[in-house]
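Chain IDs A, B, C and D follow the sequence of writing; residue 1 opens each chain.
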Amino acid sequence: MTSAPRIGVFVCRCGINIAAYVDVPAVVEYAKTLPGVTYAEENMYTCSSDGLNKIKEAIKKYGLERIVVASCTPRTHEPLFQATCEESGVNKYLFEMANIRDQCSWVHQKEPEKATEKAKDLIRMAVAKAALLESGDEPEIDVTPSTLVIGGGVSGMRAALSIADQGFNVTIVEKESTLGGKLRGFDSLFPHKQKASEVLMPLITRVSTHPRIRVLTKSTVKSVYGFLGNFDIGVETRQGVEVLKVGTIIVAVGADILKPKGLYLYGEDPRVVTQSELEQLLHKGEVDAKIVVMIQCAGSRNEEHPYCSRICCNEAVKNAINITEKESDVYILYRDLQTYGIHYSRLEQEAKRKGVKFLKYQAERPPLVTSEPDGLKVSLYSPTVNEAVELRPDMLVLSTPLVPVADAKELSQLLKVPLDSNGFFMEAHVKLRPIDFATDGIFICGTAHSPKDIGESVAQALGVASRASIPMAKKRVRTAAIMSQVDQTRCSGCGTCLDVCPYNALKKNDKGLAETIAAVCKGCGVCGATCPEKAITMHHFTDAQIEAQGLAALEED
Amino acid sequence: MKYALYLGCTVQTEQYGYEASVRATMPRLDVELVGMVGVSCCGFPPFSSVNELAWLYSSARNIAIAEEMGLPLLTLCNGCHLSFTETIHKLGNSPELKVKVNEKLAGEGLRYDGKVKLVHIFELLHDEVGKDKITAALTNPLKGFRFAAQPGCHSIRPSRVGRPDNPENPKKLDELITWLGAEAGDYPEKNDCCGSSLAVSAGKVVLDIAGEKLKAVKRRGFDGLVTTCPFCFKVYDNKQRAIQAMGGKEIDMPVFYYTQLLGLAIGLKQEELGIDLNQSPVDELLIRIGGA
Amino acid sequence: MTQRKPKMMDKVNAETCDQCGKCPSSCPVTVRIEGFNPRQIIAKVALGKEAELMKSQVLWTCTSCLKCKERCPEEISPYDVILALRRIAINLELPHPEGYDESVKAVVETGVVQQPQLVRTRNKERKDRKSMGLPPAEKPRDMTMYTKTLRGILEEDEL
Amino acid sequence: MKPVLVIGGGIAGIQASLDLADRGTKVHLIEKTPSIGGVMAQLDKTFPTMDCSICILAPKMIECYRHPNITIHSESEVVNLEGAVGDFRVKILEHPRSVDAKKCTGCGLCSEKCPVKRPSSFQAGLGQRKAIYLAFPQAVPLIATIDRDACLWFTKGLCRTCEKVCPSKAVDYEQKENLIELNVSSVITATGFEQYNPKDIGEYGYGRYKNVLTALEFERLVCASGPTGGVLSRPSDGKVSHNTAFIQCVGSRTQTVGYSYCSAFCCMYATKEAVLIKEHEPSSHVTIFYMDLKTFGKGFQGFVDRAQSHWGVQYIRGRPGEIREDPVTKNLTILYENTEIGKVERIEVDMVILCTAAVPHRENKELAQVLGVELDEYGFFEVGDPVSSPVETGKPGVYVCGSCHGPRDIPESVAEASATAAKASENIVLSEVGQ
């Protein structure tokens, strides 16, 4: 065995985030005493370009072979430090991080001494592991220059068009017999009230005539294998099952509109309709009610659908304007009016000027709707006048929420992507990765992600058109070397690992033994943990490394 | 500096102390006051709640007289000042209304033009007489006294028609007080209404509203309350005993018209300033002020 | 439901009210007189319930402090709305405090709300303008014409 | 292949640049201030994950800095644009930093020794910086810059201390502004927004009452790297605020003083800030005065529900009429109506946070003229049609993303940024086909 590698430790003060509670200089001094550590220093912000340069200089000056940074979380900063190592010729897998902020200084602000001790422990553990780190090679894979778009609504079509215009082939898989999705059900569109058909029809024509776009209607995705760059998609079409080879996948399946059976006499009294049914009636010009009452949050912001559906208020306001222009009185009963931003604020003001009447109601005291011999009766307590109000509408319109499509769960399991607590598809990071999935090569846009209006859906659609094209434009991509490896001499071929792998990253080879598909493996470690033969090694998280780390944790100094 | 002096109903029929102190002090500051012959009620409040045209007519009528005199129009009362301002504003924005009003005025051979320069007494003192003239005239500076300013609603609101001072942070009356050698001071209740216009419909409420401010002014350690509005004065001074009777608690807050304090500070006698008409307990303070 | 709006209610743009609550929280009366709430008044105007408001006594309890007009974010003036409603109410001879009729009568007939008073000094002496050394009070030059004009105006239908 | 011009180095501009650069397109990122990062860099945490804002942003900033395909022009502005989509000729004016970018290591010694203090705009005016300074510790590029209006050498011909102490001799008082010309295929505008200054809303006393702050000032106050080190001590006396109130719609939803639109994200940042207070001190009292709770975004309602049920944040529907300051204690009394029950009440608090509207950048007018695109009546950039072309201006090849065309939250801005990258990429393919 070769001589112990030379380890460098960089302790970040993170301004005062760490330094205010952890005695950083002391920690640095301590680090210098650890086995294998040839150099240690502190930085104000190790992640600043200055800090990164210090790492590079130290690597050259002291011939460091392993780098440990004690700072914040690998979630955000590891790639940055790894890249820095690579730039100085140290393989990124020879880098180790100790989180002495989130799990140390922040949580022990009231006990600085203990925080300092814990920081030392964490660094000791990281150094122990670092000594055993091995460099890794990242598999590089070709990317098939073709995208699968699941869903032929506005989002799906706009995403497809942009990707096609960026020079890649696209296949749209739509389960209905026609393109267009929910937009087909709209009369006019807010905020500017142009006719839905004027937006939809030209779009459908462009999509169906684009040389790079192929549309499969009445088709559904049945199977998904492979990984970023090389997906094999089994699609059931009218002509039977077809296998598509694509590089990236876009989920644009949209959402359904809740039909609130039994709520406010819906389904019992014909004069009670949903906002989307009203759209149809308006479209056919079949609304002749003199007094119309609209109830917002009908079936949303409650136990069953705890979220706000975003578009219902604006749809109601838009329809209310259309109806008041026909000399009818419209009352909108709302909880919190979601007319956000510039366009919808304008819409709200227009509605008010045109005499649409707004009455607030309270969630805990929803309106009571009864069917009297002489018509509908809506009674409520309204904070607007702070008293009971009674209305006698000829028509009652319920603004119901968008809900996840029926087959969302099924699709999420096929794609191995998560759903949120409301059943909508869940993005990789709420703030900074809003249209990526955690799984590489799969993206999300439109109302499948959460309720949103057409413009917002289109923006996301164009967004994924960029995200999904990046790897195709690059032609080749690397994937992490943190992966499992099956020891063929130990594997019994029981197949347990194949069953538990959440990424379909293992297959049986011709010898009937398990084998990792390097490019697909995410290194989650489930297979390694379950293998009864201990035949699976997790690179970068080997038993030896973890054991060393664990023992270091128990060491007394 | 020459001004057409418009007294208004309240001042000329009962608030003699205000009028006397104005007439006594202004000449000392080289302000010449010219009486307005044939003036009538400005229309506020009697007509504001009854008939808008009657209000505009009454108001325009007096403006017309000032315009006839060719002098800037000086008011002592917040109500009159706002009434005139709103009339100038409304008639300025509506030529039709202006014609209509002038038809009515023609009967008396009057003509409203709307070009008149309108000024409130505290505005005149602050913006036109100014600090130097006032401080120069001081013979008996009110050192060591701390007065709460009461600008009164109608002198600061509504700002959108243009008022003599800031609607949320009025400072002119405070500055006028400090120019007399006394101290002023911000207090949270400063911009609150005196409630006087409720006298017609809900007298008790007036006392409650006014009492709240008087108690606050007391609590915050002021030596007295100073105003340039006859309506405010009527409540805080004339009704103070009634407020005390209702509220039970001792208030004993001396209340003055600013022009009365000004008079004392430039060496005029109490009698010249009609201070004997103040109903609030001012005597002790007057002794401390001393001077002439 | 909505009944004919009187002409003078046209420009009050009550319907643009956001029900924010800034006016009542600025109002010295809302905290003291049950039922007087400028926000609710505007809401009722927006809902076409003027008739109900004009009958209500609270209509007469505004102090005209103008904070509502000053601060309304939508440039609605509850104060002006209230004045407008009062004028209609008086015009329709609905019940209202008699104080208004008295001062109107006084102004129409004498040019001022009241005749110069005898006022008392702190030590109970009585004083009038003369004893104060003040010039006699002013009144319109041509009183009959003045009165005639005002009567004429008051008889016109403002609605 | 021609590069793409991205104007504005906030999160939107950063995302647009990275999308394009990652696919192999050269990008010129123009930033007016000394560092990229924008408003997001000033925020303490971001909901609902409560990630430390700069912690998740900094890696992306550094990524821009290190990306071979991205050139950052800080302290620069676009002064001229000619040509058409696929072939724009643009002039960039780089203002002098008075510091040699190649030599400066960002060690900060110069500002340590600089004698002149000025309010730090990064600390929203609550903290101070020197005449020569680094915008903030994680600034990108990490290069010092001299504020010539403050510097003693430039104003009085004195000092030159920074020059003496700089170990790498980077200070250069003679540095001139620099005009560069670029040929780009598309232009992406991501200039963001400004916070409304509430001083004109007199009844709330901002500027008069020390303990009335704006939400952005609060973000710095509550931030561990802020002027108080994250201690919620109020300006008047440094006393920790145990009772704090937030007021929504300050400068928004009004026809009088301010802007008539709803600023979209204030309800949620107020809720986040309220939760931050509770995280610091669960026993402290927090009240939010709102008009309509805008919980329209993904996860918003859930976050608000948790703020109420778990953290005990109190929501009151009512826009306060007035704030009063006690002349002695400097405590603030809020006059409000609980409109749910129509009752007028008062509450005394230690500190009030005004949730001010996001308003158009004052420079938009000038930039719009240079770019030859339209602004809306408020001064935000106008898109052709918000429904079918949400990121396209009237001018082909010029795109907008983020809050420069109306208030948007971070995820919307990020998605739109990628959208503009897609449009720009379409243009590149088109022009290549053309050739």
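Just so it is clear, a residue touches a chain if its C-beta (ideal position, glycine included) is under 8 Å from a C-beta of that chain, and two chains touch if they have at least 3 such contacts.
Quick caveat: nothing in here was measured; it's all calculated off a predicted structure.
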- prompt: Relative to the centroid of every protein C-alpha atom displayed, which chain's own C-alpha centroid is closest?
  reply: D
Query: Just curious, how far off is chain D from chain C if you go by their C-alpha centres, in Å?
result: 48
Task: Quick one: report the Å distance separating chain A from chain B, using the average Cα coordinate of each chain.
output: 66
Message: For chain A versus chain C, what separation do you get between their C-alpha means, in angstrom?
response: 60
- line: Residues of chain C that touch two or more other chains sit at 16, 19, 37, 40, 67
Query: When you check chain D against every other chain, which residues touch at least two of them?
result: 203, 253, 317, 339, 342
Per-residue multi-chain contacts in chain B, two or more chains: 167-168
Message: Once the touch criterion is applied, which pairs of chains come out as touching?
response: A-C, A-D, B-C, B-D, C-D
- prompt: Which chain C residues qualify as touching chain A in the complex?
  reply: 1-2, 13, 15-17, 19, 37, 40, 43-44, 46-47
For the chain D and chain C complex, residues of the former touching the latter: 203, 249, 253-258, 291, 317-322, 335-339, 342, 344
- request: Provide the residue numbers of chain C that touch chain B in the complex, in ascending order.
  value: 8, 28-29, 32-33, 60-67, 69-70, 77, 83, 86-87, 90-91, 97, 99-100, 103-104, 106-107, 111-117, 119-123, 125, 127, 129, 132-135, 137-142, 145-146, 148-150, 152-154, 156, 158
- prompt: What residues of chain D sit close enough to touch chain B in their complex?
  reply: 202-203, 205, 208, 324-327, 333
- request: Note which residues of chain D are touching chain A in the complex, please.
  value: 11, 15, 19, 22-24, 46, 48-49, 51, 55-60, 62-63, 65-66, 105-108, 137-142, 224-225, 229, 253, 260-262, 264, 292-302, 305, 317, 339-342, 376, 378, 380, 385-391, 406-408, 410-412, 414-423, 425-426, 429-430
